[in-house]
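One structure, as structure tokens, below. Some questions next.
For clarity, chains are labelled A, B and C in written order, and residue numbers in each chain start from 1.
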């Protein structure tokens, strides 16, 4: 879906990237791109391996500084890959609770329920499968409730039930006003929910139909 | 010739002249020490080398702070050039001290606190140079080096005042110590001051040349083309809130 | 200020809980300490007067070398398990530094205490009272350094020995002051004051450079 023209005026943006690019030494990982996400917007980023998707997400989340351009986010921004956010010695409950307390929020049990981890809430993350760890990451995103969420391949390692949970979590985040940027190879993921789909190829942005 | 090159050349000339005068005064005019004899003449090189080492480490500190604030790689190059020079000067200080120590103390090395902490300072800045080149990203290297450079400088006053604190075998600092300078023959003092000047000018000349080399080696940033417009995307939620 | 302390406390508690569950340090450090003390006894002994002479400095040597694996817990282990970005995004640099350094100060002080007790028992070198505040103060100063270098070198898999090269020289004031404060017959007060000054400088400098190191 192409973005609406002249959409800048009056947009209550959660994320604004203006001409951001990233080079590593002499390698151009991401060519200049401008991106503006409104509250609750879901934008999918697709492209082959090495196309710059993770770089774009990391810049959007403020994890990596861009080599040029400007970045602005309305509040906290989060970058997560499946399995991120929990130490192997922690249990899911401990990991999610830590984030909740740090953010001054509750809803730990709800978040664990939403991703289907209630049964494994007290099992050390190190003993969980990669799919189960990916669900812990989703629970963390839910309880964090950032202004901008950058989810990098959230359905990797997930079975269909897990992918469904990922869709639900993304929808909930968007419903709460979080601007969501999702890098994915999964063509079906968020197909109905996404407000836009952009494609990167060798670090350059192509607007996808 | 550019202003910079002219400055470099003039400093080089000053270094050569002061070095020559130091040689003459230090070897031929200044008298031998009553106790240390001819070996004392090594001090006209050893002390300036130590002074230059401390000076360069102060430059590392200032340049590291400046980089941390401004994120300009020129400051990082200044810090790197200073650290390289400082490591060389510290190694020279230790070597000359060892050569001096043999006839005076009877040993090549003693576990005197000041000698040891000077060696420790050398290690610190070897480590500083070691953190460079850990990454292909020059700014990441610069940030790491800046942090290490600032922390490393904490050791510098400790090296100087350790002699006073631990009452070591090493000679108390002649010029800079609490209570003022110790008595020293005026001609010896002149030779020492000339040595300081020669080392300062000489080091400045080496430093400027090294900066030029580092600047030339710094790869030009990727020239991000393009007459192409930067693609812009605006995404708003379709769903009712 | 109370927010910073509360956040830092939360991070430090997380470190303690992680260690209680994961037992990474407790499986490495105590055996290392025991081995070091035994080797020191064998290397410097068997004359008791020699062992008593080296005893005040030994705990500090052991702590300095034990600090190198501890540095992993600051950032490298977090990075390996995908938690580093989360922590950076969740709390401010100051809160992260305070929490991590606080936990490290605890581990380092415990390591010093355990080593000192072992040395007192095995080398027959009783602990001097002034050594205890030195142990605590030294742990704080070292924690500031280890936290900073741990972040600086996280992700730098090559030149992994660089941490020791950086840490040990920078920690020399702690070694010297700690050893002197623990030596019988030496006036401990100036050394304790030196440790206080060192801690203030180390904490201030580490606090100042920490945000710079967190950038990527």
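In this text, a contact is a pair of C-beta atoms (placed from the backbone, for glycine too) under 8 Å apart; a residue touches a chain by one contact, two chains touch by 3 or more.
A quick note: this is a predicted structure, and the numbers were derived from the prediction, not measured.
The pair with more inter-chain C-beta contacts, choosing from A-C and B-C, is B-C.
When chain centres are defined as mean Cα coordinates, B lies farthest from chain A. One finds 47 Å separating the Cα centroids of chain A and chain B. Chain C has its Cα centroid 37 Å from the Cα centroid of chain A. Between chain B and chain C, the centres computed from C-alpha atoms are 29 Å apart.
Touching two or more other chains at once are residues 215-216 of chain C.
Only residues 58, 61-65, 76-81, 83-90, 94, 98-99, 101-103, 124, 140, 144 of chain A touch chain C when the two sit together in their complex. The part of chain C that touches chain A in the complex is made up of residues 7, 10, 14, 17-18, 21-22, 24, 77-78, 81-83, 85-86, 88-91, 215-216.
Taken in their complex, chain B has these residues touching chain A: 136-138, 219, 221-222, 224, 230-239, 241. On the side of chain B, the complex with chain C involves touching residues 68, 113, 117, 120-121, 123-124, 126-128, 130-131, 134-135, 140, 143-144, 146-148, 150-152, 154-155, 158, 165-166.
Considering their complex, residues 3-4, 7-8, 11, 19, 21, 23-26, 28, 31-43, 67-68, 174-175, 177, 179, 195-196, 198, 205, 207 of chain A touch chain B.
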